[in-house]
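When the chains are written out, they are named A, B, C and D in that same order, and each has its own residue count from 1.
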Amino acid sequence: MILDLLVQGAQMILVLALAPLLLGFTRTVKSRLLRRRGPPVTQVYRDLLRLVRKEAVLADDASWLFRNAPYAIFSATWVAAALVPTFATGLHFSWAADLIVVTALLGSSRFFLALAGMDVGTAFGGIGSSREMLFSTLAEPAMIMIVFVVALVAGSTQLSEIAVFMVDHATLRVSLGLALIALIIVALAENARIPVDNPATHLELTMVHEAMILEYSGRHLAVIELAAALKLLLYMSLIGCIFVPWGMARPSSGFLPLVIGVATYVVKLAAGGFLLVLFETSIAKMRVFRAPEFLGSALMLGFLGTLLLFVSRSF
Amino acid sequence: MPIAWVLVAVAALFAIAALAPMTLSRRRAEAGTLIYGACAAACTLILVIALAALLGAVDAGGTLVLPLGLPWLGARFRIDALAAVFLVLVDLGGVAASLYAIGYGRHESAPGRVLPFYPAFLAGMNLVVVAADAFSFLVAWEFMSLTSWAMVMAHHHDAENRRAGYVYLVMASFGTLSLLLAFGLLAGAQGDYAFAAMRGAAHADWVAGTVLGLMLLGAGSKAGLVPLHVWLPLAHPAAPSHVSALMSGVMTKVAIYGFVRVVFDLAGPPAWWWSVVVLTLGSITAVLGVLHAVMQRDLKRLLAYSTVENVGIVFIGLGLALAFKANAMAGPAALALTAALFHAFNHSLFKSILFFGAGAVLTATGKRDIEALGGLIRRMPHVAYAFLGGCLAIAALPPLNGFVSEWMILQAILLSPALPQWGLKFLVPAAGAMLAFAAALAGACFVRAFGITFLGRPRSPEAAGAQDGDRWSTGVMKTLLGLCLVVGILPNFVIDALHPVSDLLVGGAMPAQSLLPHLSIVPISESRSSYSGLLVFLFILISTRLAIRVIHDFASRRVRRAPAWDCGWPDPNPATQYTADSFAQPLRRVFGPMAFRSRIEATMPPPGDPSPARLVLSLRDLVWDTFYAPIAGIVLAIAEKLNHLQFLTIRSYLSLVFAALVGLLLMVAVWA
Amino acid sequence: MMDLIAALPVVPLQTLLVIPAIAAVVLALVPAYRIGARLNVIASGLTFLAALTLLVHRPPGDSGGYLFVDDLNIVFVVLGTFVGFTTSSFSASYIGHEIEIGRLTPLHLRFYHGMYQALSFAMNLGLLADNIGLMWVAIELATLTTVLMVGIYRTHDALEAAWKYFILGSVGIALALFGTILVYMAARPVIGEGHDAMVWTALVAHAHAFSPELLNVAFVFLMLGYGTKVGLAPLHAWLPDAHAEGPTPISAVLSGLLLNVALYALLRFKMLLAANPLAVAPGPLMVTLGLISLIFAAFMLYLRRDIKRLFAYSSIEHMGIIAFAFGMGGPLANFAGLLHMTMHSLTKSAIFFAVGQITQVKGTQRIADIRGLTESHPVLGWGLVVGVAAIAGLPPLGIFTSEFLLVTSTFARQPLLALPLVFGMVIAFGALLMRLSGIAFGKPSPSITQTHRISVLPLLVHLALVFAAGLWLPGPLVAWFQNVARMLG
Amino acid sequence: MDRFALDAAHMLAGGMVLVSFMLLYQNRMFGLLNVYALHAVVLSLSVAWQAHVQDAPHLWVTATIAVVLKAIVIPVALRRMVIRLGVHRTIETVGGIGPTMLMGIGLVALSMVVMLHAAADADPIAREDLALALSVILLGLLMMVTRHNAVSQIVGFMSLENGLILAATGARGMPLVVEISIAFSVLVAFIVIGVFLFRIRERFDSVDTQAIDDYRGGRE
């Protein structure tokens, strides 16, 4: 019991600690791939600290919503991230919420982000929010379809259960393959990565996520950035926990498995980050109105997978 | 006997309605307060009784027969579990609306056209729910339509409202006639109109099937099922806001009650294809409704369309329940049904909040067009706060209640691979996708609604000079919001309260929820899925506080106000903000062509010409174009044709008679 | 209570005829129109009271076989005399205004009142007649009197309406008479020559032995002859104009009474045919004509521009529904038919009371020129709204009950017949509501006079009755109707 | 009843049918009125014959009424009116004389079929009379339908009444009330028609109902 609580707490701290690192890692690797030296891996931590120390500049007509949104965004994301098994399954609170809830939590953080974007009443904020919501209208159903596939295979929407199931009867399924691709697409879109959005851009008309947080500064910006980093980590660990669940520690199984679990988890993250960067450097960003088709394909894949499972359980 | 007390309260409501005119003539000032207060009291009484009946505190069994209505049958009234649930729903909405109206009603321009009908409307809805024979059911049903119609016509100088009222009442009576036919079938040639008798009788398959179809026409048209929804976005906004709230939040649920009562209770065991029909209609309704909602500029009409969406979601749940029931899978059926009813309840909560908010905005600014609003969060913080909560709830975001019911429906969908029929195997996942799609769109819709209305800078002087809602309205809205939260984090008790209903209707129930560890809900089994709203809520609460504390301890507290940066091009003119239409533009661009046959004509002046460019956007309601416009056209065309008969000469009239005579004589000659 | 009733004097049937007959003569002589109006009210009231006593004491029919009462015609008599009474009190205030604006002269009014009583005499005679020849005479008399009253304004349109009414009416007369002769021919071989062969009670007793073919032909003629009076399409042509052009009280009488009397005659002969096993069932014929009238009238409602003509067409529609109900037969449908007929008489006359004042205060019959009544004249306006709601079959008003019974029972027995019925009802509802929302709502149109208080009373009384009937039907009445329904088979 | 009585009744009734055809054939106003008088005469003859055969004295009354009123008074009155109102003397018909005659023949056939079949068991004389009477009625109605102007329509109506009387008298022992009612109704009918013609004359110069119908353009 106590151990479980500790593990749970440890996980929450861990994700919080690792998130900026993952982000920094991807940036560094990216610049290396682009033959640049790039910032050190810990650069993101420094940025956050600097932002936190700066004073926060609020637009004249920013409301209370504008000031509180960052915390709402952050906490929703954090809770979601804390609910995804990373290095150990059967977390103490895992049954408090399942994959659908995780999706919905991310949804609420997006909701607040979009509102925050509109609060000051600038054109760019509006652009960002409306495009973000457009993407979400496709990404969320796709996510639900993915949930369907996984849940139908594993007979549960509980992430821990799913992970255990995957380890125990690891089988190759067409549907799972489709789901994986769909999930990757969704993850790219949700984290504002190329080809849907460019995290590094400041060419206003093309940006989505950046446009919404344009008016933020100081600690508020820091919190939002951290939330973004968490989100990236969350999707990584989600893919990890569903599709490569090996090496996770089983509930209340001594200390060594936990260590192994953490180690494998870090390795997974590194691999994931590397693949992401590889993918990003190898393709170009697409026009905003190509993105719906991109996401639509994810929805279609997920739906196809579900259909296959419904029609016959052998796929 | 509780039913007796309910009827007493209803009678009291009628009495209030009857006394309203003289109260108005006497003490005009306090009339509203008096009447709405009295209504609130009466509804509270019924609410208490219903809750007691539902939780088994009092024995609600037994039918009360009054010597009214059909003389040889009498008017029969009864409270069973289903009725109790919907009584709670109706009167919760009733109490809220009445209390809200105590404040809101002061701004009513034509109280004389609202006050007498409002109590009668409440009474009608209550009677529909407790009626236990076809006649009193239909009388109450149509009376409900009639009184609400009268309130839709309250502001009758506006031609739009008159049109709305017309479409509304015609659709309503069409629906009533289909219900009439349905009950005719159920009652049989002997005309046994008591529900008990219908329940007992065995109905042939074609009879039951026809009844389902007729119910979809009758109850569906009142609930706003596509393609019978057209009246709803016209009529609901036209009424005064507290009435709109009742119509959208409660009356549609009464329609759903009618559907459930007949299809699940009276029509006998369902065939599996019923669920195909219901699921299809439900999914289409959900998606089309919310797609329309995203495009609306009129705040109340937007809310009305979102009502259509939620009705669709409820019908998806009902369809699943039918599918499971037809295949004798009691557990899943119970889950689906519970989810559907739960969502109906939730919707009545947050839709009331939203309409109340819309009403407050309307009174504060006199505007329903959100393009003319903006920045109200600073002028009307309380209303904005409650409205935001309503938006979160209706967008199905945890930890609020909207999420729980939709989560349960998704869980029910995940159980459906066990269904044997192929048609369902294909249809159910599609319905699931539609549901998720609708939910996501709802998110976009309400970000837009709240963002444009309350955030940003005021787009009109009225919006700039808005005042916050009065104490009554904001109080009611916040209370309802609190209710949404409580129901969202402690759904267990609601689910257990719905236990007897699923027992009654599908012969099974979900596992008892109240006593699970950490108050989580488990639809089927712990290993499958579970959700603990309480824990999630605490999680979020703690982590938020934690984050704030940490930040405020380690970060600088300094804040500087400055003009917006806006990439260095700040422009104080509110017109430079993103508008509602531009917010919807990406969605319109993606879904518009197929959903609305949307067309955009942009006329650019030649370069160097300073005259403004114009952009004309046209959206069509395809349902109206494909069904209603032609019907109206045909009717008028026939009328035109026949109208010539008005202008014939006497001789031609005589020849009509002559022809009839000769024709009949020929007939006789041939027969005899 | 009972002994009190027992204490009531037995009123011989003749009084129902004598009172109006005398009154007719007197009123034709009284020069002062105010007194005339009062006398008219009093006479009608007395007739109504006399009719009421029939409910408790049923005097035997006279020996000669000319008059008789049974459950069926008592219903019609009481209803008819009541509407006649309320209408007379409405007309009292109506004509006052007509005199003021000079559309009528006192001389006209002597004629008018005389005719009014003559009409009620004729109708009572028709209802109480035991002899089908006598019934025929009475109904023709009623027609002729109404013809004269329709033409009373002597405007071009009025004369033309009356002329049309007269020509079509007399053709109807002829056909009905031929039918009557045929019935006699059918009866003669069985009952023997002479008077008895035309006595209703005797006819029904021996109907089973009559030659069925002859009865069929007879019913064809009677259906067309009396159907013309009922206003069934395609024989309806006289009805809208007669309603629109005559004085409004007469429109009320026409819709509320005369149509019923003709319908009563039809029912009598339907019973005769029903009593003969070999004759073709009259049901299908009535159902067909009923549906034609219903749907036809429903469509005609849309393009009406004259408010009285509008409601005249709605009378055709409802006569169609009633004919349909009786055509369907069976306890439920017949009950529904009787109830519908009663409610329609009350409601439609109430509507015409309202319309009469509306046309007076607005000074026009054009629907387009009448707007926003609920605002300018709340009582009239809401009265009209309730009336139209009732006529459109909305609860909790009487007609809903009958339509409920009719539609449900029909759909259970003959689903395919119920569909056109419902179709017609929806179409008609759409039209009525469209007109109503124009008349009762919106910005008020200018009005020329204020409404006179007194004449609102009959309207309210009728509406109250209709409303009460929608919620609660007294047990005795129901027993009575069920009894009659059984009689009608 | 002997053969001769039967044949005579037939002859007269058939004669009425024939005269009805003559009415249909007429296209001159005065000719029409004359033929109508003839129609009434034949009617009265037949009624008289029935009175003789059935030795029903009250039928003599009917016969005399027929002669006096229908054969003399009414035609004369109508002739006056035609002259005074200057109704143009030719009768324009709907669809020509020929087709009308054909239709008439069809109607006669129809009535024969209907009545002979229906009244199979009624005694022969009554049966034949009914058949012929029905044809007279239908022909009268046909005339009202196929004639444009009021006078000929009235004539058609009255020939229809004649058919009724024929039928009524044909029905043995039909109570007195009926004749009275017929006479009464015809009387009233005529009076009212007269009144109407008079009033209508006040308003416009022709009693052509066509004109009335033209007048009502655009009221609705």
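In this section, a contact is a pair of C-beta atoms (placed from the backbone, for glycine too) under 8 Å apart; a residue touches a chain by one contact, two chains touch by 3 or more.
Nothing here was measured: the structure is a model prediction, and the numbers come from that model.
Hey, what chains does chain C share as contacts with chain D?
B
Among all chains, which one's averaged Cα position is nearest the averaged Cα position of every protein chain shown?
B
State the chain with the largest centre-to-centre distance from chain A, centres being mean CA positions.
Greatest centre separation from chain A goes to chain D.
If I count C-beta pairs in contact for every pair of chains, which pair wins?
Top-ranked chain pair by contact count is A-B.
Compute the distance, rounded to whole Å, between the mean C-alpha positions of chain B and chain C.
Those two chain centres are 44 Å apart.
If you average the CA atoms of chain A and of chain B, how far apart do the two points sit, in angstrom?
The answer is 35 Å.
Per the centroid of Cα atoms for each chain, what is the distance between chain A and chain D, given in Å?
100
How far is the middle of chain A from the middle of chain C, if each middle is the mean of its Cα atoms, in Å?
Result: the chain centres lie 79 Å from each other.
At least two other chains touched by the same residue of chain D: list those residues.
Residues 114, 117-118, 141, 144, 153, 209, 212, 216, 220 of chain D each touch two or more of the other chains.
For chain B, write out the residues touching at least two other chains, lowest number first.
Where chain B meets two or more other chains at a single residue, that happens at 646, 648, 650, 654, 657, 661, 665, 668, 672.
Multi-chain contacts in chain C: which residues touch at least two other chains?
Each of 163, 167, 171, 213, 216-217, 303 in chain C touches at least two other chains.
According to the definition already given, which pairs of chains are in contact?
Touching chain pairs, listed by label, are A-B, B-C, B-D, C-D.
Considering only the defined contacts, which chain C positions touch chain D in the complex?
That would be residues 131, 133-134, 136-137, 140, 144, 147-148, 151, 154, 156-157, 159-160, 162-163, 166-167, 170-171, 173-174, 177-178, 180-182, 184-185, 188-189, 193-195, 197-198, 211, 213-214, 216-217, 303-306, 309 of chain C.
What does chain A use to touch chain B in their complex?
Going through chain A, the ones touching chain B are 52-65, 71-72, 74-76, 78-79, 82, 93, 95-98, 100-101, 104-105, 107-108, 110-111, 114-115, 118-127, 129-131, 133-134, 136-141, 143-145, 147-148, 151-152, 155-158, 161, 204, 214-215, 218-219, 222-223, 288-289, 292, 299, 303, 306-307, 309-311, 313.
Under the definition above, what is the set of chain D residues touching chain C in their complex?
Residues 114-115, 117-122, 126, 130, 133-134, 137, 141, 144, 153, 157, 160-161, 164, 167-168, 171-175, 177-178, 181-182, 184-185, 188-189, 192-193, 196, 199-200, 203, 209, 212, 215-216, 219-220 of chain D touch chain C in their complex.
For chain D, which residues are in contact with chain B within the complex?
Listed in rising order, the residues of chain D that touch chain B are 94, 107, 110-111, 113-114, 117-118, 138, 141-142, 144-145, 147-148, 153, 209-210, 212-213, 216-217, 220.
Within the complex, which stretch of chain B touches chain C?
Chain B residues touching chain C: 67-72, 134-135, 138-139, 142-143, 146, 153, 156-157, 159, 162, 165-166, 169-170, 173-174, 177, 180-181, 183-185, 187-189, 191, 193, 635-636, 638-640, 642-643, 645-646, 648, 650, 653-654, 656-657, 659-661, 664-665, 668, 671-672.
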